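Below: a set of structures, written as structure tokens.
In the two complexes that follow, chain A is the common piece, with chain B as its partner first and chain C second.
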Partner chain A sequence: MPDLEPGQTHLHAGRSVLRPDLIEKVTGAAQYCVDIRRSGMLHAKIVRSRRAHARIASIDTSAARAMSGVVAVIVASDLAGLFARFGHIVPDHEILASGKVRYYGEPVAIVVADTEAAASDALDYVDVDYEDLPAVMSAEEALAPGAPLVHEEQHRRVDVDSLSPVETGADQGELRTSNVAHEATLEWGDVDSVWPVAAAVVENRMHYPMLYAYAMEPYNAVASFDEGRLEVDSTAQHPFMVRDDLARIFSLPLAAVTVRAPYLGGGYGSKSYTKVEPLAAVASWRTGRPVKLVLDVEESIYTTRADSAEVHVRSAFDDQGHILAREIDIVMDSGAYADNSPLVVAKSVNRSFGPYRVPNLRVRGRSVYTNTSPASSYRGFGAPQGVLAGETNLEQAADRLGIDSAELRRRNLVRPGEEILHGKRGIDADLPADLEMVVGALREHAPEDQSWFASAMACSASDAGAFPVSTATVRVQADGSVIVLSGSTEMGQGSRSALAQIAAEELRVELRVVTVRQSDTGATAYERTTGASRTTTLTGLALQRACQDALSKLRSMAAEVKGCSADEIAPSPAGFALPGGDTISYGEVVRSWFGAAAGEVTGIGLLRREGATAKMPPFWEIGMIGVGCRIDPATGAIAVEQLVTVGDVGFAINPQAVEAQDLGAATQGLGCALFEELLYDGPQLMNPNIVDYRVPRMRDLPGRIDAMLAERRDGVGPYGAKGSGEGALNPIAAAVATAVARVVGRWPDRVPLTPERVWRLINETGPDDTTGDRSSPREG
Partner chain B sequence: MQVSMSVNGDEVTEEIEARMLLVHFLRDQLGLTGTHWGCDTSNCGTCVVWMDGEPVKSCTVLAAMAGGHEVRTVEGLERDGELDPVQQGFMECHGLQCGFCTPGMLMTARALLDRNPSPSTDEIRQAISGQICRCTGYATIVRSIQWAASYEAAATVGSAS
Partner chain C sequence: MQVPAPFEYERATGVDDAIALLDRLGSAARLVAGGHSLLPMMKLRLANLEYLIDINDLHGELGYIEVEPGQLRVGSMTRHRELLESDPLAEAFPIFRDAERVIADPVVRNRGTIGGSLCQADPSEDLSAVCTTLDASCLIRGSSGSREVTMAEFYRGPYETAVGDDEILIEIRIPVRPNGSSAYEKVERRAGDWAVVSCGAAVWMDGDVISDARVGLAAVGPNTTGIPAISEALRGKVPSEDLYAEAGAIAAENCTPSTDMRGSAEYKRHLANELTRRALRRSTARIHGQGV
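Moving on, here comes the complex of A and B:
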């Protein structure tokens, strides 16, 4: 056990301990879902739509069924008797398209065969006859008057207060009249009264691209349906929510469905909610054998992407640069099914106007159905879309007002404890101090050669943590070792280590005696989601309570076996100090109380919306970023020479892991700022592969990285912790766009800032100017 | 068809379909799932193994092409129960998060250090440039390989004195 050094308050928390999952991951022993095999297992491959929007006239499966090795070909009509849709907000997502297809790549049939190769061979022999329907391929087309509807029917929302499955046929909703899947608004004050009296009104428009999270392990699942019980191993960030969808599909009790998530090969939000699990599950239900379904990268890209967005911002300022009003309109292209986009757009509304004092505000966000691949969560969750436009708007205002943009932020940033959403938790961070850290680092390390170079910063605040429902269990064994049970999924972020550190800290035991088991709906504790950067804070709080519960029980048991009062027993390492100077270990307590070399003591921790977590959001996740960019004027290529991140995390349980999260998030954000964009050409994507969809590679690593932590113990989580992992991504595209504008003298109207786009910004001018500099003073 | 090769020093002979890729042979036929399958297009590099000491992307090598050759995978990196220094380096310097790219990274890193025991930062970046990591942002991977190089240099000095 480490000793406390001067200034240290914790034995395990706050130390960069070796993560326990790393040893398995460097030896190749770590098991990912794609590694799982079951005896008697069949393999599924998916027949996918070759149309963006079309009526399915007929499907002929006979040729495919006759092929060697093929066991079954399943189409929508084979799912009669099931509730054959899913969706945790709106159950609009058909497992297999029935009646019509809504996007190119949508599952139409499942081929199940003895081998993956045999299933693949049979795909082309499933003959689907389509009758084309007019398609809407962008949000603009989908919002046009008289646009064809992607969904004719309005599905009822899932009743989150009821655990009972929605009965088949019971949700026949009203007919829809538009393609708006969800609308969210936020308003206070009177923005309209401000525009005429403002010293400056600055307006801009930014396009945020469709993105693919590209978790390197593609979506996959193994399902086994047997005797009214369903077991699924899957690449699911939220196994408990996937279980809920599966139970509804098969009308099974929640307890009869088990979903397990082993190590995930990346998630970043893209493995949130139900994806491929229903396909594998119905295949097993039809064949009576375990079925494995592994998507390739192209299929994964068509399964989920991030919402693209068109964001229009108008801000009013007084002559001192104080924000008087902001009005923001967000339109997201959410693709063919809602998935989590209603929540993404709602969060984008909350996160778009920044952590500033905004006395008058009006924000409208719309999530729009189109005939493109379904969009859902991706790291940052609505924040990057809104922040790109909001922060570049602020920078343009600084130009106009003649005020340095850091100074403009100083004048408008909220102070610790101040609300940015009325009635919600005040900001639990010191943003002005974070800002000075970025400004200082950029200044200190500014390159001597300033030609074609500019630095820029941007910031954001996200209402993070999601709804506080968490549980944790600790089981103290007869030898004093500890098992922690949690439903939070380890997908690389290091939760297995953070939870072990918290348990060791609370129980005063050595880290090596703690084993954390995660994400098995039949065996571990419940966790609502692994997202919104919540695990350290919310699961951590539940775990602290579980440890206190176990300690309380152990203390009473120690008093009983030693014949003293519990009040006379004091804490000591891995056990208790008894009256008279003796100590007793947890293992001895367990063994003595049960009277054999056996037994265990279980502690349970429950967290809901009360006490420290009564106010929403549970915490604010801060993004505070600086970049220094140099542009090659000949090619338009951007080299990121400086990257500055500030992780305002309250308290870093594992500082090395937190810095790693920030660097990873910033790098993904740079991908979006510089290269990443899914592009449709007609009904299908032009670049659904990682050759043409360019993610950051080794040579894109920034020249200098300053990764800093701000630990002010101002979070509600254990030891003052707040979550991290998304913050560094959210503002980075805005910072890069600003740096480019500072170098070339014109504002871009979109990211990614590919060399071609930058080159055009440098070299093209005139009436066809498509840049986003719409910041002329408002007339009248 | 029948194929025989040496995998991590063991001679194996298996009956396979001629079209089977080396990555699937290792994973599905031999159960060596440490080698990962990712993009299937020779881009991500999570499937990197050695064939006769050369790193290859095993999603682009037919198992039949590996017949008669020596294949080494991440499972073969450990020697006499000791982690290879590159494995230690990745643990020490947090060169991974989800770990999915790690086996391929380790095999390339080991091959680099075997040829060039003290690579420069640029040489490390060059060596890894054909592989993708989506979690770390690469900086810690560079540090991990530098750690392994320093460790081996110190060990060499130690054994020479």
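Moving on, here comes the complex of A and C:
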């Protein structure tokens, strides 16, 4: 066990320990869902819509069914008797399209065959006859008067704040009159009274692109339906929520459905909630055999993307630069199904106006159905869309007012404890101090050559952590080793080592004796989601409680076997100190109490909205970013030379992991700022592959990276910790856009800032006619 | 997961064996070297073939860089990484190292070959632009013998070359002339991407004047394009910014870019101009010992 050095308060927490999953992942030994095989397993491939919006006139599966190796071809009518839809907020998502298709790429039929190759070969032999319907391919088209409706029927929705459940089967609602899937508003004060009296009113509009999260492992699942029980292994960030959707589809008790999520090859929000599991499950239900379904990247891109957004911001300031009012309008293109977009737009509303004192505020957000692929959670969760417009608006105000933008932020940032959202938790961070860290690092490492170079910063605060429902179990074994059970999914973020560190810390045992098992709804503890940067904070708190529960039981058992009072027993490493100076290890306690070299002691930890986690949000996740960008004026190419991140995480349980999360989030954000954008050309995407959709590579990383941590022990989580992993993404596009504007003297109205867009900004040659305006014809 | 249509796999043991296999299997067969273009095309079922002939065992025979008097020969199975790391090659033609530094990533460079790059005949391919710039020729062999073709003859259109169904590209031959140097410039949308536009230049001097100069552009036409008008305009002139500008203007006029996701035709034309100037400027600077 490591010794405490002067100034250290913890044995394990706060150390950059080696991740337990590191070696097996680097060597390729780690088992991912895609590696799972079951005996008698069949393979499924999906017949997908080749129309954006069309009535399905008929489906002829006979030719496909006659092909060698094909076991079944399943269409919507084969699902009679099931609740054949899913969706945790609005159950609008049909497992297989019935009646009509709503986007190109929508599953229409499942081909199940002996081999993946046989299933692939049969896809083209399923003959679907469509009757085209007028499509709405953008939010603007979808909101136009008289626009065709993507959904005719209004399904009963869950209240996104209370998360009350959807009742089975009882959601046949009234007819819809518009394509607005969800509207969220936030208002206080009286913005309209401010505009006439303000010293400056600054208005801007920004377009945030459609993005794909590009987890390296595409969506996949293996399902086995047998005798009224369903077992699914899948790439699910939230296996318990997927279980709930599956149980509703088949009218099964929750306990009869098991969902397991092994290591995930990346999630970034894209694997939140139910995706391919119902397809694999109904295929197994129909064939009576285990069925494996693995999507390719193109299918994954058509399965879930991030909401694109048009955001309009208007802000009023007094002559000293104090914000008087902000009015923000957010329109998100959420695609054909709601998925989690109603919550994304609600969070975007909360996160769009920044961690500033805004005495008068009016924000409206709308999530709009279109005939494009469905959008849902994406790292940052509504924040990046709003922050891009909100922060560039503030920078433009600084220009207008003649005040340095860092100074403008100093005058408006909320102070520690101050409320951002009325009635919610005050901010548990010191933003002015974080700001000085960024300003200092940018100044200290500014390059000598300042030609065509500018640095810029941006910040954000997200009401993070999600609804606090977490549980954890620890099982202390007869040899004193420890099993931690958690329903939080390891998807690369390092929760396995963070949870092991917390358990070792609480139980005072060596890290190597702790094993963490995660994400099996039949075996591990319940966890509502693995999202909103919650695991370290909320699962961590539940785990601390589980450890204290186990310690309390062990202490009583030690008192019983040693014939003393529990009060006389004191903590000692991996056991207890007894009256008289002897010690007893946990293993000895277990063995002595059971009277055999056997047994175990279980500790349970439960967390809900009470006490420290009564106030929402459980914590605020801070984004505080600086960038230095150099532009090649003749080509428009941007080189990001400097990156500064501040991880305001309260306390870093594993500092190296936190810095890596910040760097990962910032890099993913740079992808959006510089490269990434899904583009529709008519009914289908032009670039649904990773050759044409460009995510950053190692060589795109900034030359100088300053990853700093701000540890002020101001979070509600273990040892003062708060969540991490999304904050650094949220403001980075705004920082890059600002740096570009400072260099070229003109403000961009969208990202990504491709070389051509920057070149056009420099030369003022009007809008980019290739990748920006959707209406123009294209070649190639 | 994407699954290719069924195919048979053969592994050639040598050049003669590969040619014999091609002879026997004909147009139903395709050679695979690095596989970075062919395998994705097969998975997407854009390439549907009956036989795949793996020629990776030919690396011993065809993986070489030989500098000879008046000529440099590169075997078609020479991998990107070997081109990147070869000092004799960088000394003779720095354009190769310039280009290899911006081709894809280490994993691709470890497997991909110059022969595969040229035979794919992608209009945006960097080594094609390099070979066009350097006035290379290609040695092609089939059962009826060998023939040598110029780069202009080698390319027949996008993704089409002079290599017949029963033939294999053996070697790339590049003339070596004194008092010259070369450079490569590329604008890409992210690191290791296909070029928006890229441009190679090679310049030879006779005293103060340019004795010959060549420019090769990628991604602005059906194939990588050499522009003879630039050579004509530069020969016998003293290098200057005005001269580079003139060459850039000729490049912009003489290319045929199309608007696509990588950029508009207008922007690509602008880049052809700008990158031509840069590549010529750098080539000339290198002749004068300015290591840029």
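Assume the second predicted complex is superposed on the first by the 752 of 780 C-alpha atoms of A that agree within 3 Å, B and C clash if a C-alpha of one lies under 4 Å from a C-alpha of the other, contacts with A are read in each partner's own complex, and residues count from 1 in each chain.
Everything that follows uses one rule, which is that a contact is a pair of C-beta atoms (placed from the backbone, for glycine too) under 8 Å apart; a residue touches a chain by one contact, two chains touch by 3 or more.
The structure displayed is predicted, hence computed values, not measured ones.
A.B. asks: Looking at the overlay, does A:756 come into contact with chain B only (first), chain C only (second), both, or neither?
C.D. replies: Second partner only.
A.B. asks: With the two complexes superposed on chain A, say which partner A:663 touches: chain B (first), chain C (second), both, or neither.
C.D. replies: Touch status of A:663: first partner only.
A.B. asks: One more residue to check, A:641. First (chain B), second (chain C), both or neither?
C.D. replies: neither
A.B. asks: Thinking of the overlay built on chain A, is A:266 touched by chain B (first), by chain C (second), by both, or by neither?
C.D. replies: first
A.B. asks: Quick check for you: in the superposed arrangement, does A:121 touch first (chain B), second (chain C), both or neither?
C.D. replies: After superposing on A, A:121 lies in contact with chain C but is clear of chain B.
A.B. asks: Applying the touch criterion given at the start, work out whether A:296 contacts chain B, chain C, both or neither, answering first, second, both or neither.
C.D. replies: Both partners, chain B and chain C.
A.B. asks: Considering only touches as defined above, state whether A:494 meets chain B (first), chain C (second), both or neither.
C.D. replies: first
A.B. asks: Going by the contact rule set out at the top, does A:434 touch chain B (first), chain C (second), both, or neither?
C.D. replies: Neither chain B nor chain C is touched by A:434.
A.B. asks: Which partner, chain B or chain C, is in contact with more residues of chain A?
C.D. replies: If we count touched residues of chain A for both partners, the winner is B.
A.B. asks: Touching A:216 in the superposition: chain B (first), chain C (second), both, neither?
C.D. replies: first
A.B. asks: State which residues of chain A lie in both footprints, the one left by chain B and the one left by chain C.
C.D. replies: 117, 218, 296, 691, 695-699
A.B. asks: Considering the complex alone, what residue numbers of chain A touch chain C?
C.D. replies: Chain A reaches chain C through residues 116-117, 120-121, 218, 294-296, 298, 634-635, 637, 674-675, 679, 686-687, 691-692, 694-700, 754-756, 759-760, 765, 768-771, 778-780.
A.B. asks: Which positions of chain A touch chain B when the two form their complex?
C.D. replies: Result: residues 18-19, 21-32, 34-35, 37, 117, 214-218, 263-268, 296-297, 491-494, 656-657, 660-661, 663-664, 666-668, 689-691, 695-699, 701, 705 of chain A touch chain B.
A.B. asks: Once bound in the complex, which stretches of chain C touch chain A?
C.D. replies: For this pair, the touching residues of chain C are 1-3, 5-6, 40, 105, 187, 189-194, 196, 258-264, 266-267, 270-271, 274-275.
A.B. asks: Can you name the residues of chain B that touch chain A in the complex?
C.D. replies: 17, 19, 27-28, 32-41, 43-44, 46, 73-75, 77-78, 83, 87, 90-92, 94, 96-103, 106, 125, 128-129, 131-142
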